[in-house]
Each structure stands twice: as structure tokens, then as C-alpha cells.
Amino acid sequence: MRLRVVIPVVGDVFDAPIGDEVRSWAGPGTQVEVVSLTRGPASIECEYDEALAAPGILDRVEEAVADGVHAVYVVCFGDPAVAAARELADLPVAGGFEPAILTALGLGHRFGIVTVLPNVVPMLRGAIARLGLTERAGPIRNVDLPVLGMEDRTVLLERLYGEASRMVADDEADVIVLGCGGMVGVAEELQTRLARGGAYVPVVDPTAAAVTWLERCVRLGLRPSRTTYLPPPPKQRTR
Amino acid sequence: MRLRVVIPVVGDVFDAPIGDEVRSWAGPGTQVEVVSLTRGPASIECEYDEALAAPGILDRVEEAVADGVHAVYVVCFGDPAVAAARELADLPVAGGFEPAILTALGLGHRFGIVTVLPNVVPMLRGAIARLGLTERAGPIRNVDLPVLGMEDRTVLLERLYGEASRMVADDEADVIVLGCGGMVGVAEELQTRLARGGAYVPVVDPTAAAVTWLERCVRLGLRPSRTTYLPPPPKQRTR
Amino acid sequence: MRLRVVIPVVGDVFDAPIGDEVRSWAGPGTQVEVVSLTRGPASIECEYDEALAAPGILDRVEEAVADGVHAVYVVCFGDPAVAAARELADLPVAGGFEPAILTALGLGHRFGIVTVLPNVVPMLRGAIARLGLTERAGPIRNVDLPVLGMEDRTVLLERLYGEASRMVADDEADVIVLGCGGMVGVAEELQTRLARGGAYVPVVDPTAAAVTWLERCVRLGLRPSRTTYLPPPPKQRTR
Amino acid sequence: MRLRVVIPVVGDVFDAPIGDEVRSWAGPGTQVEVVSLTRGPASIECEYDEALAAPGILDRVEEAVADGVHAVYVVCFGDPAVAAARELADLPVAGGFEPAILTALGLGHRFGIVTVLPNVVPMLRGAIARLGLTERAGPIRNVDLPVLGMEDRTVLLERLYGEASRMVADDEADVIVLGCGGMVGVAEELQTRLARGGAYVPVVDPTAAAVTWLERCVRLGLRPSRTTYLPPPPKQRTR
Amino acid sequence: MRLRVVIPVVGDVFDAPIGDEVRSWAGPGTQVEVVSLTRGPASIECEYDEALAAPGILDRVEEAVADGVHAVYVVCFGDPAVAAARELADLPVAGGFEPAILTALGLGHRFGIVTVLPNVVPMLRGAIARLGLTERAGPIRNVDLPVLGMEDRTVLLERLYGEASRMVADDEADVIVLGCGGMVGVAEELQTRLARGGAYVPVVDPTAAAVTWLERCVRLGLRPSRTTYLPPPPKQRTR
Amino acid sequence: MRLRVVIPVVGDVFDAPIGDEVRSWAGPGTQVEVVSLTRGPASIECEYDEALAAPGILDRVEEAVADGVHAVYVVCFGDPAVAAARELADLPVAGGFEPAILTALGLGHRFGIVTVLPNVVPMLRGAIARLGLTERAGPIRNVDLPVLGMEDRTVLLERLYGEASRMVADDEADVIVLGCGGMVGVAEELQTRLARGGAYVPVVDPTAAAVTWLERCVRLGLRPSRTTYLPPPPKQRTR
């Protein structure tokens, strides 16, 4: 299958590392194609960034449809423009949020999220409510590092561990979800550290969750329902 | 006070009628200024339209802030880009949805919505869930007319009455909310017809609700909380 | 418009200060008329007080209807006898609770309440549940001062700030609601102090919210739904 | 034990029949004492009636406390003044609603209520929400007969059966609750008729539920929590 | 009436003490008959134990039905096999959980549970959610003592008081429920200690609650609904 | 990976067809091993059957753990003994319900279930509530065919289509979930028929969902959280 990976920001700084990460999770038959935007923000950390990124993402989704790919992954934990993309495309489309949360739901009772900045927390709270999953949600915390400031893996891991271990110790989360598509390559180490502190608590990496989620949809022959995501009516649309 | 009205579509076909409608509801001290978009869709009827309209709306909100207006009304029942706009601006910003729903909540137990097309229904269901108001929501129905096809007021009223009276007869709604900013000038007539069929059931016009909601915020000296709508971090953003 | 203000306690100690407060929020065309009770409690701080006050409040509402006023404000955060009054009257009636909470809902995600005494907390929790708004509710705290013991504004403000700032610091509330109609003239100062501590968090004054809410209903031509508030059947009723 | 039965209406028309009904359910050691009101409505069928009845009920509760009874039953499905009475008294107090609903919760998944008039339906919906039990609630229907118009048992049973059997057939209720303290002596017959139509569906009589609920509380040595029902602060209260 | 008490574990160590406890709560006309299992675990402290105990419990329930008893009490707070037993039997069947929780719901707003081991906590959280009662639930804590290790009443009471008093002090519970059928004879003392610390908070003993609950069902002529608990279809079943 | 398939009934009638079905969905590297029970019911269609099947299922899970398999699938939509099995095993275990529902949640807003018999409906309603997913659940209907009576695929498909198409037409479900592990080989055809009637609505086959779910867990290195599923304490357990 062909998986189109849309990095929803301008610039190509993420193209190589995210592409590598996606390929490391993809199955043997999956061909990974990475694109990013020519208009939009340099990173997505608030509603404003999401809104600015949306048209560029949808350009890429329309290209992907025209190119005949089998699935589209929008690499952002806020699922920007994903609902709109599902209206456009007769194929599985996902961001990082929904696959990660649904994965967590199958592993333990409450999921806790650790994201990048405080700005993202209210967005995620709204996204959880929109999915009707408030009853299963534990805390949403942050490492107070911007998307473009997580290069130092030691600092990142230290802060992730601080927030995650506190949720577990306080009996507020049974599964930890990493709340940013840029937190690559740290889930396993975090999981190991948490287990050292007591019980095994799974850590869900959103990229891993999304890639395998999409592959599974394709394998199952399933795509988003057309009674939830209706095709957009034709009309004039000026870009 | 200066109220900036953002019509979130390209073209000026709505400028005069919506402007007149807003002025008819505005208080004596309110100066109404109408703008529309140079990029975006011709109407908003799905997630895709909302996503395409968002950057253009935010351009207008940034202008409004720079111009020193006191409040901004984005004339669409889906509240497109409203959360993002609240991140940008230290003043009250509203679309048609939230003020209308909150108004309905104060008038009766369950609110029913009649909107334009089936495409909008899942969006509104998501918006209600996001606000945590599912317990108060009755049905969401539609008149199956596009935003740009409601000129025939007789047909519109007939269909609104059909859907609304059915909800009331089935004991599923205590308040009716008109689910499109383009359904102007029909609320009162619909309310009269419904009352003829039995009990008085209020009908909430989203434009009326939004304009007076914003005026009231200004009068009360209140604007959106900065712990729900944090200011966007500075970064490169390419339009 | 004529606004009848019902102070739901015996004695006239609140007549002048509440009347002044209401007038300070009322619009230019609003004529404010203040009445209090001849039977009932000296203040409302528990279910028992509410029950005792109810018939006297309803006497005043019936007078108001006979006098042809346009709206009625029952000055108590517990909304005593408000549902019953809506059954009696074909005009907008509100207490302090519902308009304040609905106002808060439009400003941020979770509202926190600071009320007078611990006795009031369970009542308010019940009122929130009755409105189906539990998902949006943050903490309900109190200043441990009786309604008739809030004259010292310095103490009142100090305690309000203590409770409100703790909610905000603990990320439990995005909007603060003052939980007593007697907490007049402190909202703005509290808001200023909170903003000094970090982010802007709106503070909703229930009197301000109620007065402008009622004015807005009148302006919009809306009153409570008769399918939620049905007219009382005729029968013998001994006072 | 001494059980004080408060019939919350003026007149003594219900004293004998309700007294007999209560005695028929009471255990061997229970002494039943019936009182009614000197001020209040002739029946309770809306929020207005509840409000008017409340002070008279509380008079009777205070007498009951002074008389040293062990429990108080307020014979009305709306639980009028019950929360206030629990603040006053260190003993079990119940109306017809809460014991009936909690009994129903232990017998099947969803409870359906058949009450007297449409006016009562919104009150009961609010009462269910206040108790946080919306998830378990089925329909609330009515026989469209006033409290003072249910003498014809044939008509009453016919209408109860019509509403209850429809709920069961539509798979909307697993237990039926009779929604008026005046619907005495019909539960068993209704249950028999429903069982004839297919599966056994329990029918809960609110008087039977309340009397045995109170006896059980006394036997268990339990009364309402003082952190939910705090004692009223002392103050002037004019009757 | 004949009450069959099923102790859902192998061995007879609980037969005498639980039998005595049940008899101490049973009414004068109740004949108590105690049985335990020949296959199953020595105590129930996790989902695994519940699953292993279930067939043995159902053997005992089938015997009870054949013997013509009037009610069955399965002495375990997890209500093991109770739903299955209700499918089998046309008579009231209860474990310790549901009667205790429904009793608590009538006494105060939020119930807090103190159970035996951490292993039980997720099971109880699930049981509460299954009953749709999450909105009323406070904390679920444990004394960290196994079912077979609570002989030292001083230690047990000390730990129960530690957990319960903390919930009350933190304003998280209005009623305390003892979360194990083996915590016999401590409820009253715990209640007394809690009241010393401030307000009266009821403590619900699950055995007392269950026994009187079942007696009350028999007296009211009510048993579980057959639309929630349908009779098992006939088929081969190998034990 | 080695996938142990536990058919939770006595007899080997399902071994070949379910084994084939599982193999048809399994990935290239998955080795499928099928076992069934020596004690338990011939099919699972009620709580009673689930309870009787549980110990036999857990025997098979313990064997699977001892045999070093990588995942266990219990082939029943009621997820019998799955929670207990997760306490026993440090590897992914799933029944048919949870993977199917979580798959449906990612495809559309409300899921509707079509199961075998009316007896199963209350169990599934309870299972949904336990997972905190009531807000997303549409109707639960049945084809009124027993597990051992679905050989006639024409009849089965006709009834599935009848129930599913009604849910979609009534706007009550956006995704259809087949509610029995024995409904093999009909999902695709049902999906095709539904799409003919209008919009594409995905149909989730529980076996397909479960097999690929477990493979994905193994690939992601994730297993159930040990804070939700704690290891059973050691003790005497008599089989």
C-alpha cells in the first residue's frame, strides 16, 4: 500500500526524521511518501496554527487522492483538518490523536496525555469531549517544550517521566499517550522507566499508533463512514 | 461600541442583507462594520468549507484588532475559526452557534436545531459534544436547502415549520434554534406558527443572539478567558 | 422596560444597595423597581431558607405580572422559586445562578464558583446537575462568610481571591463565578488581582449577569418555553 | 417505630385512604401517624404547587422532630421540601420519588415513569438529572388525569397500562415506576397485565417503596449525611 | 421467608461468622441458610477469582431455586455471578455491591468506597460505570489487607478510618461504603469515629444492606425484570 | 507471532470454520492455533453461559501463557473472562467486543450493533457502559437467530440488512458492528448492500477486528496496563 505522510508545517526540517520514524513502524508492503506544506505555520501549537495549516493540508490530501494513494497520515496530534480531509477522500485519513487515544482505550481504563505546551491542553480537552470520551480521560499535562525545541532527548525524557510518573503514582492514568507527533523515539524508554517504578504502564507513541492504524484499515477494507463525513457540496472555493 | 461583522465567505452577496440584519438587532450605541473574505468558499456547509475559510477569517480578525474594534461577529453557525480568533484577540469574538445555544439553554430544557443541509448535522453534533452539552440537546434536523438557496422565504418557513413542529409534537425540543446565519427574518414568524399549534416555544435567531451577546459582553467588561484561549506562541507563519 | 427586582428576604436592609447595584448595570431604558418580602427568612443560605422564601417570592411575582412589568429578577444565587415563577408568568424571570453560569459557559471551559457558606455548596452542585452542566463545572468553594456578614469588603476580597486564585493555579477553573447576589462591587477588583497573578480570567458578577440577561431577553422578544414551564392547573391554594 | 406521614396538601380528603395504604405496607412494629397541611395547595402538580406547599410541610417536619418520631414520609412523588427537611431533622425523611427510583434501579436497567399530568414531566426530568441518573432513565409519560381525578380505577389502570406497555414494547423501560403518591392499589394489577403481554416487568408503587425504605433506614441505623444536608444556620425567619 | 446465603468461596471458614452476621441483620420472620462452594477460590479479590467462583455460585443458586427459597444473597462485594443468577431464578438475588451502593445513593450525594486490596479497585470502577453511576461516585480506596487478613479489627478500623476520614476531609464523599463482605461489625464504630471528626457521615455495611434489601424485595413482591435478565436459552452445558 | 484462538464453547464444531476465518485475516507471519473447551456451554448467549465458560477459558489462557504464545483471542463478542485473562497474562488478550467497538469509534460517530438474540442485548448495553462509551452508542438490535442457527447465510444476511439499514435510515448509526463471533463472512456483502441504499457505512467484523488488533499490539510492543489489570494474589483455588 502507498501511505502519504503529510507534515502539516512549512519547511522540510521534519521530512527526514518523521519519514524515518514512519518507515520504522510501517509494515513490509507499505510505501511511505512524505510531503510538507508551502503555506502554513512552522509548527502547530494552538488553534491559530491549526487554522492556518488547514488549507495547505487539504491541498496535500487532494493531491494524495489524485495520486491514488491508499491512506493519508497528517502528522500532528491535534488532528488538524482531518475531519475535512475525510469529507474529501474515500480512503482512511488520520492524524496522531484519534488512533493514539483509541489504542490507549484498549489497554487500560484511563489515559493520560503528556503534550508539548500549555497552549495545546484546552484543544485536547475539547477534542476528547468531541469524541465523547471524557469519562475515560485522565490528566492532560505538558513538558513545556515547543515542538521545535525537543531535540535534547535527555531533557524531553526527563520531563515526560516527571509528568507521566506523577499521573501513575496519583492513580490518575493507566496508559500514557505521548501528545505530539514530534516526540519520536522516546516511548519505549519512557515505558521502561515507568515499569521500574512499579507496575507496567503502556506508553502509546502517536506515530506508531497512526501508521499501524491506517495499515489496519486498509487491510480490513474500511474507511470513514459517509454518514459522519459527507462529501462537500460543489461550489466556488477561492484559494 | 464598534462591532466588526466578518462574513466568512468570498463575494459580497451577503454584505448588505446581513449588515442590515445585524443593524436591526444592534443597540443604539453600536457601530456596525461589515467585511467579507477575499479567499475562501462561497458558503460554509461542511468541515472542508470551514477549513478553507479559516485563514481568511483570521486575517479579518487581525485587522479588526488592529483597527481597535470592540467585538467581532463571525457570521456562521459553525463558529469557524472562532477559537483561533479568541487566541489572537483580547476582545469578545463569537460565531452564531455558541451564543444561540447558550441563549436556548436559559429558555427551556432541550434545544432542537434546524439547519440547512445534512452535511452540517455531524459538525453540529460534534460542536455540542465539545461544549459538554449533549445532555441538553434534542434533535438536529435540516431543511435540505443550501445556504445560497434560501431566498424563497415561503419554502424556507414551510420547511422550518415542518421540522420544528415535529420536534415539539414528539416532545423532543423545548426551544428551537435556527441553525444558519442566513436564516434571517424568519424566527418570529416561525415562533408564531408554533405557538398556534399549542404551547409557546421560543425560536432563537443566531444573528440576534450573537449581536446582543457581544454587546452584553462589552457592557459587562468580559472577554474570553486566557486559560482556555492562550495567546499563540510567536513563530514563522507563511500565508 | 420595567424590571421588577425581588429581594427574596424579609427586611429592607438590601433594598437600597441592591437597587443601586442593579441600576448601575441596567441599560438607559430600564426602570428598576425593588421589592422585598413580608414573610420568609432574613437571608437565603440553605434549602430550608429557599423553601421558606418561596411563597413570598411568588406573591411578588404575581404582583409583578399584574403590574405589567417586563421582567423579574429574584436576587439570589440559588434561583429560589424561579422555576415556579416561570410557570406563573409570560415574561422572562431569572435568579442569579442561571444567567451567571450561562455567561461563564461562553467565556471559558470550566467555571468555578465561590459562594458564601459550606451549606450552599451541595445546593449548587444539585443545581448544576439539574441543568446538565456537570461536565463544565470546576470546584465550588466558599468564603465562609454569611450573607449578612460580607460588609467588610477587604476581608471578602481577600477570601474570594484566596479561593479563586487557588482554582486557577490548580488548573481547575477558567472562569470565576461569584456565588451570591450579595457579593456586589467586587468582581472587577477580583478580576484585576487574578490577572496580576498570570493569565486573564473573567469574573462573573451574578447581578450584572442577571440584569443584562433579562434586558437581552426582552430585546430579543424571548421568554421561557411553555413546554418546559407549563401553566399551573387551576385549583384551591391556601396561603 | 413511629412513622409520621405528611400529606402535603390542605384538606383531609387523602388522610384516610393514604393512611390505610401506608399501614398496609408498614411492618408490624410501625406506628403510622397521618397529618396534612393548613396552608398550601389542594394537590401538587407543578413547581408552583411544590413551592406553595413547602413551608407547611416544614412546619409538619418540625413538629415531627419535636414529637420524637423516627421517620417522616412526605406523600408526594416530587419530593417537595424533602432536601430542606433533611437539613432540619436528624432522622430519615423521604418523599415518593427517591425511594421508588432507587428501588427501580436495583430491579432492571432503565426505569420508565408514568405520572399524572404533562405539567409534572419537566419537574421529574429535572429531579432525575439532579440525582445524576439520566443514563438509567427511560421515558416519562402521563395518564393525563389530575391528582384529584383518579378515583375511577378502571380508567386509571387502562391508561397506566397503555403508557407502560408501550414503553416495554418499544424496549425503552425494564421497570415501571408509578409517578404519583395517589396511584394507590394499582401496581400489582398493572404488573400482572404487563406480564401477560410477555416478560415480567416489575412495577414500583412509590408509597410501598417509601414506607419500607424508611423502615429499613431505621433498622440499619442510617440517616441522611450531614455533609450533603447541613443544618440551617440560625437566623430570623418570618412565617 | 427463607434466605439462602451463598458464601462464594471454598472452605467453611466464613460460614459461622457470616451466618451470624446475616442473622443479626435479618428480620424476625427470616430463616437464614448458609452454604459455601466445593469448587472455586479461597477468597475473591480479582476478576480471576470472580470467574473461577462463578460456576460454583450458580450451582448453589440452582439448588436454592429447587429448594424453594425466597431470596439469595451472594456474600461478595463484587456481585460475582449475580447477573447470571438473575437470569436463572424468578426471585430476588443480590451480592453486596448493588444494595450497598443504592442505599448510599439515598443518603448523600457522593459515595466513597473503602475496599480490601488495590486489585479490587478497577473492578469496582467498572461496576459503577456499568450501573451508570459514575456521576455520584467519589474515591475508591483500600485498606491493603486481604479478605483473609482482616481478623485484627483494630488494624482494620484504623485503616478504614484513615481512608474514610481523608475522603470526608477532602470533601470527596458524603457516604462511606465498606467494600468487602468480610468487613463485618465495624460500620457503626467507624461511623462514630467519623462523626467525632465533624459532621455525621453514614457508613453502609454491605451485608446489612443486602440482607434488608432482599427482605424488602420479598415484602414488596418485586424481583428482577425479565427484560433485563432474560431466561437462558436451553442448550448443552458441560460442567 | 503465535496467536492462540480460544473458542469458548465445548465441542469442535466451530474449530475449523473459525480457524479458517481467523487465518484469512491474519498477517503472513502469524501462526494460528485453535483450541476449544472441555467444560462450558455449547454456545454463549447470556450471562449464565459466560459464567459457565469462564473457568474453561482461563484454563486455555494459562496453557497459552505456558506455551509462550504472543497473543490470545477469545472468540466471543461478549469478551467472556477477558478481564480475568488480562490479570493472568503478560500479553495481549482480546475478545470480539472491545476491538470491534474501538475500530468502529475511529470510523464514524455512532456505532450500531446487530447481535444474535434478545438475551445478549442487556449484556452488551452493560459492556458499553462499563467502557464509558454510552455517548457514542446507537441501537443494539438482534437477528433473533441463535449462535448455532446461523448456517443459512441468506437468512442471516437478510435479517442483518433489515436491522442495519433501519438504523442507518433512522440516522441512528454511522458504523455497523456485527455482534457475534459466529457471523463470519457476511460483513463485506452487508456493507455493499448498505452502500447501495445510499451512503457508504462501514461494517465491522469482530473476528477481523480482533485478529488485526492483536497483531497490531504485538507489533507495537503493547499489552494491557498492569494498573487496570493487576496480577491475581496467590491463594488456594479449587477447580
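So that you can tell them apart, the chains are marked A, B, C, D, E and F in the order they are listed, and the count of residues begins at 1 in each.
Methods note: a contact is a pair of C-beta atoms (placed from the backbone, for glycine too) under 8 Å apart; a residue touches a chain by one contact, two chains touch by 3 or more.
Every value quoted in this text rests on a predicted model; they were computed, and no experiment measured them.
Ranking every chain by how far its Cα centroid lies from the centroid of subunit A, the top place goes to D.
When the CA atoms of subunit B are superposed on subunit F, the rotation angle comes to 120 degrees (nearest 5). Counting every residue number used by either copy at the subunit D-subunit E contact, over half are found in both chains. Annotation: 43 Å between the Cα-based centres of subunit C and subunit E.
Look at where the CA atoms of subunit C average out and do the same for subunit D: the two points lie 30 Å apart. Averaged Cα coordinates give subunit C a centre that lies 52 Å from the centre of subunit F. For subunit E, the set of residues that touch two or more other chains comprises 109, 122, 126, 129, 131-132, 134-135, 174, 227-230. An unclassified topology is adopted by the chain contact network, corresponding to no line, ring, star or complete arrangement. In this structure, the chains touch in the following pairs: A-B, A-C, A-E, A-F, B-C, B-D, B-F, C-D, C-E, D-E, D-F, E-F. Residues 109, 135 of subunit F are the ones that touch subunit B when the two sit in their complex.
For subunit B in complex with subunit F, the touching residues are 122, 125-126, 129, 134. The touching residues of subunit B, counted against subunit A in their complex, run 10-11, 38-43, 45-52, 54-55, 57-58, 81, 83-84, 86-88, 117-119, 122-123, 126-127, 129-132, 134, 146, 148, 227-230, 232-233, 235-239. Across the complex, subunit E is touched by residues 27, 90, 94, 98-99, 102-103, 105-109, 131-133, 135-136, 168, 171, 174-175, 188, 199-202, 204-205, 208-209, 212-213, 216-217, 219-230 of subunit D.
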